[in-house]
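Multiple structures are listed underneath, in structure tokens.
Shared chain: chain A. Partners: chain B in the first complex, chain C in the second.
On to the complex of A and B.
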């Protein structure tokens, strides 16, 4: 099916996909995480606000990571990841608000809800392929958005409010763990960083496991994997559910930190921006989309003060698609492989562009 | 009772035909160019804003209706030639990213230029008031919208189905290389299709702008509805888009009679059910390429 996916595969995936598995790549990742751990206190001592921004960047990096696992590795374009993100977020909001602030209870619950929602959406959607799969995930995510927005659970259960409808849920407290409160942004930052690092390590292992190989095989050639005897649909649903678990975790980390859960978490534009972050970072590399997400959140925050940040952001996306379709990761990799050829590459890209437009 | 049903039917058909204008462009662009145009809602919004400015500056709704879509068409040419053209043949995901970028960009520009407040397009004096249709009195403007959008959809359908240009368009959707080999400049055909879609979206923007408000959220709001329609009808199918636009229009307006809060739910539920039963949409090709 979708012969178009093959175009990406040939030159991108084989190379960028394996980069992360190499030894220097892993060392670089560990250095990066240690660097982030050091950056937190430094940023906090300069201006407490920076820690806040770092936590948001990490939460979105985790979300982008979860999408890249299902999109970059399994080849399933999900346009509804906001559903799992929002479901995880609302789970955390409701549990922290009404049951317990214990992170050991709430975060696993967020993950579980993410898995369940994703398994359901995945199970209903995997029969469709390509763009139709994307549109089905979008439809189910929007369904969930409407359910939360209109507070359907409250109507069904006959209580006054569950999701808080349009306004969402306010004043959600922070986590606690073994007597330690995470009300301090820096403590929360370390909690988030630790979980994001663990998630990344876990997903890298999973991508390399026999399960991950089958999933990548499905992306490469679905028919062949099916003929070998694997139940392709089941693998797809499981991959989608795993991804949903991490998306739920991202929501569970984001919401108590912001102390607000609103329907906007589930809106389709979140899913759309997420796809953009993944492509911007470089799909199929796991670390690229995290960088992309961090960068977009950072730019949104920094440029938010500048009047026309949306214009700048939109222009950035357009330029990346035209001139650097393999994203930040792709650009970095080609720079590493051939540092002296960088200028020539840019020239060549510009020449190609002019030729294509004239053609 | 009968009155409200007749009213809902009229409203459903009318909003269905307007949605068809937007969805038709979307589905034509997908069918021919293989591009999922996320910027389509932004073009629709741009039509409404251009219309509101022209209506104020030149003081004429009719000039707005004529000029605004043409201006949107010019924007469409720029997008197609300078950004989409270098990307044909690449993974359609890139088109999503690209047009999503344009959607954000245009929305940002609109807020930047005209601010966040809603604007209005004044309805022309000729079309104010209501017309008695026996059972109900119905606003003249809405009847006008119904008539003009039906005429436009009919015109586009005739052009695609009967004219030489339409044959070339359908042929290049079917087999681009063959049409190219026959000496027809396919890239011009592609530009033409994209511009046609943009102009239709711009027209819908002006028409709806004068009955609803013109605001920066309208583009992102309508695009999802248009996607739902196109997907239900079958991506790339013109007939399917028009049929399901009418279907959605009627479902929405009847839904508003029965359970207003659940109409959105019905919209996405309908799409989910259709796709699970017919994964390529009602009028889609049996096997998606």
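On to the complex of A and C.
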């Protein structure tokens, strides 16, 4: 697998003392990807349903990865990533349904639509900072939701239906590529895994690129980065557009697999849950949010029927915020750095929390 | 040690020909407050110019209009013969005006080297494919530039340490190094010796004189001994107005200057 080698390529380039992922970290990631590749057929042989769940976990992991690139890495809290996700999903639904099931055509189109939507939302929003930026992205995403929900494109074009309104589009076929059909869940799983791994490798590369360093500088100190000669707003819009491309790809992978595209893809609760996934996984690490997303999708599927899912997710979120403010990734990193201090850290975190609440 | 003397004749009559930066009727209002009031001054090319004045005289606002942070309400700013009063801060830097900050204002989670490299990188990077697809450390020029600048300010031995772990004096030098990495033609320094021990101050003064050997330096400084010692030119601001501009000996003997300082309660 190409991305596997890509991940290993950046060794000994950490001359400046700053880069995303050390060499052992990269090796672990590659091992993880290979492990997932092996897990697919095993899961499928036990119960085909598990493959289905794995694909959904991967799609959300990709979506969380895309959000982490702007939120954790560029410091832009997007509360509207469902817009790009949904736009990519609907693009795939329309193209597969009416034009071609060729993955080489449809998936790039989903990416492109994600980029365009994100560039537009980003360009309109980056002038605001912090919570105002978040609110603007939320507003634009909701706007797109309403456009899809009311099937505005159909009204404008004077045709009967484009987005299918509140029913959405269903009965969408699966992808084809060079004569191979991806109707089989396991084949679809490998397609998804390959693209998610490639996306991760690409974003790690991007994070360590000259562009990525500037973007991280914006998160660290926006004022100073401007005064050393970088056009902050331009960098933000481009970072947002790139992120949107990956969100679009996530949508393009999710929709044909589920064979349904409905307005719920663009709903703000998707954006909100996504932010929770990123925080749970550990923002700014790229791999952490992917773990967080996989975990949330998994738990939602397994526990969704047991009790009220929101209560479970909420409890989990509260526990992570108190005991591991830097998320699952942060907890794992500190466990690696100081295994014996883990218990003390938990005690300390609890003590701090109680003191904060009392004050 | 008053550096190379830019004589009175040049400042009086034909300073215009040797000015790197010039303002005409520069005015900046914030609501009812007039921070800069019809300031017309010239920064000669080369050497050190000090901007002095009591607190609230408009010194920092002046810097902020030079760097594009604040657009002037009225008037013009010319750098190297070109109007820059409506140019964005990042573009001003590319044209050669760079400032360092009074409070240390860097990337505290990054190493000293990466702080400076990031600033140097701005001169090489754009939005081409290689800016997105290559590893930042595979570009040698910004790293070489950063190492050279760190050596110049005496921080080469702590290059790989995190900026936040540096001692106070080192932080201030890093602050200057970041500005130098942009290869300015005009370096604006806001109170470069504030809060420093006498020893650190001496080091910084030497550094400023070293920088001034190939870069025009403008400093805001409250320590009059330093100002008189290193400046080739002094501009005095008071209540937003330019009181006078001249060589140190002229300014020192100017009664209006002494009066302004007495009225304004002196310097910090």
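By our rule, the second predicted complex is superposed on the first by the 339 of 359 C-alpha atoms of A that agree within 3 Å, B and C clash if a C-alpha of one lies under 4 Å from a C-alpha of the other, contacts with A are read in each partner's own complex, and residues count from 1 in each chain.
In this section, a contact is a pair of C-beta atoms (placed from the backbone, for glycine too) under 8 Å apart; a residue touches a chain by one contact, two chains touch by 3 or more.
Since the structure is predicted, the reported quantities are computational estimates derived from the model, not experimental observations.
Of the two partner chains placed by superposition, only chain C is touched by A:232; chain B is not. When the two complexes are overlaid on their common chain A, residue A:224 makes contact with chain C while staying clear of chain B. When the two structures are aligned on the shared chain, A:352 is found in touch with chain B, with no touch to chain C.
Contacts of A:131 after superposition: chain B is touched, whereas chain C is not reached. Of the two partner chains placed around the shared chain by superposition, chain C is the only one that A:214 touches, whereas chain B remains out of contact. Of the two partner chains, neither chain B nor chain C is touched by A:32. Which of chain B and chain C touches more residues of chain A is settled by the count: it is B.
Shared interface residues of chain A (contacting chain B in one complex, chain C in the other): none.
Note for the complex: chain A touches chain C at residues 10, 13-19, 205-206, 208-214, 217, 220-221, 223-232, 234, 238. Chain contact summary for the complex, chain A toward chain B: residues 1-5, 7-8, 77, 124, 127-132, 135-136, 138-140, 142-143, 146-147, 150, 152, 268-269, 272, 275-276, 279-280, 307-318, 320-322, 325, 352-353, 356-357, 359.
For chain C in complex with chain A, the touching residues are 67, 88-91, 93-94, 98-99, 101, 105-111, 113-114, 117-119, 121-125, 127, 130-139, 143, 160, 178-179, 181-182. Per the touch definition, chain B reaches chain A in the complex via residues 34, 36, 38, 81-83, 85-87, 89-94, 96-98, 100-109, 111-112, 187, 220, 224, 227-228, 231, 235, 261-262, 264-265, 268-269, 271-272, 275-276, 279-281, 288-289.
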